[in-house]
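Pasting the structures in now, so scroll down.
Presented sequentially are two complexes of chain A, the first with chain B as partner and the second with chain C.
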Partner chain A sequence: SLGFRRCLISVDMRHLERSFQEIKRTLQNKDVFQNVTILSTLQSLQGIKPIDVCCVTRNLLAFYMDKVLKDHQEPNPQIRRQISSIANSFLHTQKTLQQCEQRWCHCSQEATNATSIIQDNYDQLEVRAAAIKSLGELDIFLAWINKNHQETS
Partner chain B sequence: MPKPTNITFFSINMKNVLQWNPPEGLHGIELTYTVQYFIYGQKKWLSKSECRQINRTYCDLSTETSDYEHQYYAKVKAIWEANCSEWAETERFYPLLETQIGPPEVALAASEKSISIVLTAPEKWKRNPEDPTVSMQQIYSSLNYNISVYNTKSKRMWSQFVTNHTLVLSWLEPNTLYCVTVESFVPGLPGHTQPSQQCVSTLKDQTSTLKVK
Partner chain C sequence: DPGAVVPAPQNLSVHSANMKHLLVWSPVILPGETVHYWVEYQGEYESLYMSHVWIPSSWCSPTPGPECDVTDDITATVPYRLRVRATSGPRASAWSALKPPFNRNSTLLLPPRMAVRKDGSHLVIELEDLGPQFEFFVTFWRKAPGAKEHAKVVRSVGFPVYLGAMEPGAVYCVKARALVRAIARRSAFSQAQCVEVQGEALPL
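After this line comes the complex of A and B, so read on.
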């Protein structure tokens, strides 16, 4: 499991990375808008304070679970299987996050802004295009989790 | 005119080289190539002057893709006289997750029954030799090493994963050549490059020579 300073989240990163690696090429090739990114702000979040990591993680998990995965209609059964595997992992992680006391999952204005920029980016695209692009950018989110959460076991 | 084929980034320690194969069916023809690259999320394709109308089938885009937290595309087209092919484009390239980690530097020091190993993490590619050095350890805190030790006398080998940079192998046989192979490894990253290998011999057992006198 990975700990972010005060809250431990349980996430099998290797499993998530493998699942995404299986479908990355197909998802990214379906994304025809190379000049637009959804999670670009994550790259500018490098200076995010440790205290905000929990909040941004929780908000982004909600973004994927409540928006992206709901908006995306996947026709290919193999890809659908990998996406639901990723969704199950995220669901599990959300549950462990919910056990984290509110005071350790504080949202600063900066963290709130960051996730609302991501939401704005999403809303500027047609919904199916936005969903496929967000799925294709899962590697950015996973890399951000890897970087901002310390492996504790 | 057919496009170049197998266009990919070959990346080790963030040295990112675009490479491709000539178009099929045009072997023996004097072709040139032009390369462009694109920063995902930006607005337009960019050119690299050193990779315009070149004969070789590779182009070093390390400088252009040095921000390893961004993602990139690249494309190449073939040119022959007045004809030119369509662009052949790469997949989205994410240096942070796609670079391979080179082997560490390995220093060995042997005594009669032990070998001390000191590892130095590989360095990130840098534009100029005088630029400050960045260790791959700084980028990947979970960097660790797979060490294999081979006893050339007994033909036995054993391996272990280590995260620290120094370790001592004890209870070895004196006067024996041992070969140590080390690979860098970051969980979640693609395979690893050629391991580094070095051999050293443990010293003769001093106690036995004393007995002979």
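After this line comes the complex of A and C, so read on.
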């Protein structure tokens, strides 16, 4: 598990990645706009300051919880099971982030811009297509969490 | 009797130890009929945002017995609602829901079982494999007045872990506890186990 740089919250990253790997191909095959990306800005966030990591994490969790997961209707029970596992893990992480939000989750303009771009990318696509693409790009977000939330101990 | 109502399962409860979760209930008795049970679950996310969505349990949709291993379904540290119904042929009972919902952070964490031994002059421990979510906090010390206690976190198990070199004629003791980060909890320490090293104690 990983501790957020400022907010030591445990994320069962191994389980999240395994859940995603089981549904990745199916989700990405449903993505009709292969030449477009929503989470591309995450690659440009490599130089984000440690102080902004909590804020970007919180905003991206909210992006997935309040938009992507709500906009996606999954008929396949096997896929739904893995999405449920991811959603409930994100919910737990959100709740834990909220406990340390005041002290550490500062939002710089750079961090706010980064997540706004992702929001804008999402809004430019038809909602179901945007949701399926964002789910298919979850590995970008998980990799970003993995990289930016190395345990400090 | 084909027209009879199938009673709903009663007395639902979860027995959970070391992050293994077993949902159990009282069997539904219908003489002369074969009863099956169907288990479904809902994480807190579904309860909050998609309360109409229930997910069939990984292993118990259906199952013949009045129990269901829901370990593979309970994959986050949030409350999970579970429900069961009985069927006999085409007829189905009403759903029975577990109350209150189950959260895996209530699992009973037991002190880990371990084997302590000598390998030459080295102190060695082997810990039981409780699954990928478990780490172990191991402490070991030389049994002597004022001896310092050493500590080590063991993340992978199933093979011997070398704790350190021992001096001839000394007694060394080890104890361990289990840690589960996913629920931010740990077990009690196991009973200490000690081994004695043969040979003459070194002059001080």
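In this text, the second predicted complex is superposed on the first by the 149 of 153 C-alpha atoms of A that agree within 3 Å, B and C clash if a C-alpha of one lies under 4 Å from a C-alpha of the other, contacts with A are read in each partner's own complex, and residues count from 1 in each chain.
Convention: a contact is a pair of C-beta atoms (placed from the backbone, for glycine too) under 8 Å apart; a residue touches a chain by one contact, two chains touch by 3 or more.
Everything quoted here is computed from the prediction, not taken from an experiment.
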Between chain B and chain C, whom does A:Ser134 touch in the aligned arrangement: first, second, both, or neither? neither
What is the contact status of A:Asn35 with respect to chain B (first) and chain C (second): first, second, both, or neither? first
Is A:His92 in contact with chain B, with chain C, with both, or with neither (first, second, both, neither)? second
Quick one: classify A:Arg25 as touching chain B (first), chain C (second), both or neither. first
Classify the contacts of A:Lys70 with the two partner chains as first (chain B alone), second (chain C alone), both, or neither. second
Name the contact category of A:Arg80: first (chain B only), second (chain C only), both, or neither. second
Check whether A:Asn148 is in contact with chain B, with chain C, with both or with neither, and answer first, second, both or neither. neither
Of the partners chain B and chain C, which touch A:Arg14 in the superposed model: first, second, both, neither? both
Overlap of chain B and chain C contacts on chain A, residues 14
Considering the complex alone, what residue numbers of chain C touch chain A? 43-46, 48-49, 53, 55-56, 58, 73, 75-78, 80, 132-133, 181-182, 184
Once bound in the complex, which stretches of chain B touch chain A? 38, 40-44, 69-71, 73, 91-92, 94, 96-97, 141-142, 187-188
Would you pull the chain A residues touching chain B in the complex into a rising list? 13-14, 17, 25, 28-29, 34-37, 40, 43, 46, 136, 139-140, 142-143, 146, 150-151
In the complex, go through chain A and note every residue touching chain C. 1, 10, 12, 14-15, 19, 65, 69-70, 77, 80-81, 84-85, 87-92, 95
